[in-house]
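Please go over the structures that come below.
What follows is a pair of complexes built around chain A, which joins chain B in one and chain C in the other.
Then we have the complex of A and B:
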């Protein structure tokens, strides 16, 4: 652990400093996220029920996270392609897994900054009422953030050098994240009051629908934790295979 | 040998269909599609297991045969997953009057199809050396497999509009299903084998042309 920390910290600080000086991706992410929120806001008419607004708000939030996250993840290794920076990183006396963890944490930090800006905007524009409490909202967002970033960071390194970098990364990441979006959507629906906390008790919805199969808010958190753990550990172990020349 | 496998699969599938349509008919009529649907769904999953084993095999041994087997099983898996979803939709329309509904099992079948499709697109888009491409595809195969079981396993234990357990009232019906399963499994094996050797011929041809 002590050997891991200096390298980890150096790469994270490098990525954050580069971003602060060049401001390449964070402004784009934020504007893209706001655009997604506002475009989906058009569909949630004021005349529609509050439930409809909450459902659209949840959709807007996850879509914004997924696509803005993709922007950050794609940049995180695209920036290393110039001037042979990737070779420099790989030549550093670090385990490949450490490079992955550092890049992952840098992406998580970027997406967290993004969430701090965009979540309040979405809450205001969809007039969302946070029934479940702020703390639980933050927990769900962070778990989603980690899952999105873990897969994105791994495959960002893989799709560099391809002509269709961004679009290829997006389909690879979205298809892997698709199962995780089920509990993630459920959890946010519960927090915004559009879904009862224990969906199992609803006789009318029992037995059909993917969201109700998640069952309860606790189960949704459990599923997300499981996905995060699987994604992070598998990516950490397999990253060396991806970047090896 | 391979021709024998194809012939055997053909005979078994015809026999399964024959029995299913004569002695083993299920009432109402649309449920007879299970003789095609269930074997195909089992094969779609089996191909994923082959894909996982081949991907791990490639990362450990580094031999190209493993990589080609992984691609072949993804191609076969895409075919089976397409038939699985298509027959499922026909049944769903006849039985529940909707083409598709977001029931857990239907969602996981759709995800399976997407994973195969993205695997093949990823493979076609990666440039550079074949080793790098094979490694990245193997990583995708492993992560995709880790991603899916969590969903499949949980989907088995939940109440669902989709019936997991069918009870047959005549031995003919189970015989038809078993024959169908055997036929489809042999067909899957033969297809993977055929595609692997075709891909290997392609690689050898490329190498010869380059020299």
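Then we have the complex of A and C:
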């Protein structure tokens, strides 16, 4: 196997240059993300600084990341379909896993840029107080980003072979991402000091079962980390099978 | 039929296809195809639409998994030693495999990085000159004409100095000048010891570059002859009549 890095770097740089020139994905992501944030802000109680407002803010953030992420991931492989560029990648002397990792990293970069734009807007709009500190927020966002991108990258490659494309991608990815989105939501709720009373009651009776992440930032991060590790490795191994006709 | 058996000597074969079959859902597209192409030979693979030419080429390129059989490129199995075998292959397909947002030079640089081409800049300059694309090096691929795009696709395919060149309908949509230039590039590739497996409807052009003609019909190789055994003009006419009768 040729060294992984040169091929990986070439694909990531190419994806970023193509996006900078085409400007197809990022502007659409930002518009969609801001729409989600503003609509949910309007739906929240006006001038709300209560827990309810913060809960809505957390929901707005994850909904924005999910749908904007899906948009970016779908485009990343749709762009490879034009002019048979996907064949060009598969014909190169690269392991299919290298193509997956490169696409994953390019998608993570796109979603990170999006987060840098949308998170401050959501923080201001919902008057969120980051009780747990910025570093913890960055850790949650990065883990969430990696989870969304790992699944989205794999399935966006798979659905390019189907007619339903985007709709199928949303259905499949949203279902698979559920186990990560729940602890991810609780992690942000803890960070913003916005655990709803019902969840706090649930947290007080939690044992060593499936809801250990409720109210515990550490446990929620652990779940996200485990999810990311499992799905990045599984997707990396499966990518070759998925893209083969 | 120029087939290869399990015990046949494959020494000196740039490309060998052994017992390849492929069925799409319930429709058999290729049936037990055997083909061996020695180094320095150009093979023109003919057949009407749906005969299985492109499927065979995609299997040889490693893009499609055959139901049975094996493909060996310069001694390397395309499935088991995929990365090493793909380094030996150059592919020209219907699609240009270039990014419209990147310039001609950037597209070639990207491909050179994927293939780990040594002395990248010099090799790209050499190919730009060889395909007469030097003047277009800073133009984005998205604004190039079909002929220029095809030249870029050829440059991309030859960038890593492949041993075997697979070309799927390389003359389609090209005007006479560009077709002539393509024939010249193929000639040069063959003179350099390269091997070509090309599909074409244009049997006259195919015979000009090819040493050997193979006809695929309903997934079976029905003819395999050297060019010097064929009266080229008569063959082109007969093939046209055959294709019309089948369509």
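Going forward, the second predicted complex is superposed on the first by the 219 of 245 C-alpha atoms of A that agree within 3 Å, B and C clash if a C-alpha of one lies under 4 Å from a C-alpha of the other, contacts with A are read in each partner's own complex, and residues count from 1 in each chain.
The definition used in the following text is that a contact is a pair of C-beta atoms (placed from the backbone, for glycine too) under 8 Å apart; a residue touches a chain by one contact, two chains touch by 3 or more.
Since this is a predicted model, take the numbers as computed values, not measurements.
Colleague: If you count the residues of chain A that each partner touches, which comes out higher, chain B or chain C?
Modeller: So, of the two partners, B touches more residues of chain A.
Colleague: So in the superposed three-chain picture, is A:34 touching just chain B, just chain C, both, or none of them (first/second/both/neither)?
Modeller: Neither partner.
Colleague: After the superposition on A, what does A:63 contact: first (chain B), second (chain C), both or neither?
Modeller: neither
Colleague: Who does A:171 touch here: chain B (first), chain C (second), both, or neither?
Modeller: first
Colleague: Look at A:82 in the shared chain and tell me whether it touches chain B only, chain C only, both, or neither; answer first, second, both or neither.
Modeller: Second partner only.
Colleague: Let me test your reading of the model: by the given contact rule, A:154 touches which partner, first (chain B), second (chain C), both or neither?
Modeller: In the superposition, A:154 touches chain B alone.
Colleague: Which partner does A:109 reach: the first (chain B), the second (chain C), both, or neither?
Modeller: So A:109 meets neither chain B nor chain C here.
Colleague: Under the stated touch criterion, which partner chain does A:4 make contact with: chain B (first), chain C (second), both, or neither?
Modeller: Touch status of A:4: no partner.
Colleague: Tell me the contact category for A:238 with respect to chain B and chain C: first, second, both or neither.
Modeller: After superposing on A, A:238 lies in contact with chain B but is clear of chain C.
Colleague: So, does A:91 touch the first partner chain B, the second partner chain C, both, or neither?
Modeller: A:91 sits against chain C, while chain B stays out of touch.
Colleague: Counting contacts the way the document defines them, which residues of chain A are shared by the two interfaces, the one with chain B and the one with chain C?
Modeller: Comparing the two interfaces on chain A, one with chain B and one with chain C, the shared residues are 244-245.
Colleague: Show which residues of chain C lie in contact with chain A when the two form their complex.
Modeller: 58, 61-65, 82-84, 86-87, 89, 91, 93-102, 106, 110-111, 113-116, 156
Colleague: Which residues of chain A touch chain B once you look at their complex with the stated criterion?
Modeller: It is residues 151, 154-155, 158-159, 161-164, 168, 171-172, 175-176, 178-180, 182, 206-211, 213, 223, 226-227, 230-231, 234-235, 238, 241-242, 244-245 of chain A that touch chain B.
Colleague: Given the complex with chain C, which residues does chain A contribute to the contact?
Modeller: Within the complex, chain A contacts chain C at residues 1-2, 6-7, 9-11, 14, 17-18, 21-22, 79, 82-85, 87-95, 244-245.
Colleague: Taking the touch rule as given, give the residues of chain B at its contact with chain A in the complex, in rising order.
Modeller: 59, 101-104, 107-108, 111, 114-115, 118, 121-122, 125-128, 132, 135-136, 138-140, 142-144, 146-148, 150-151, 154-155, 158-161
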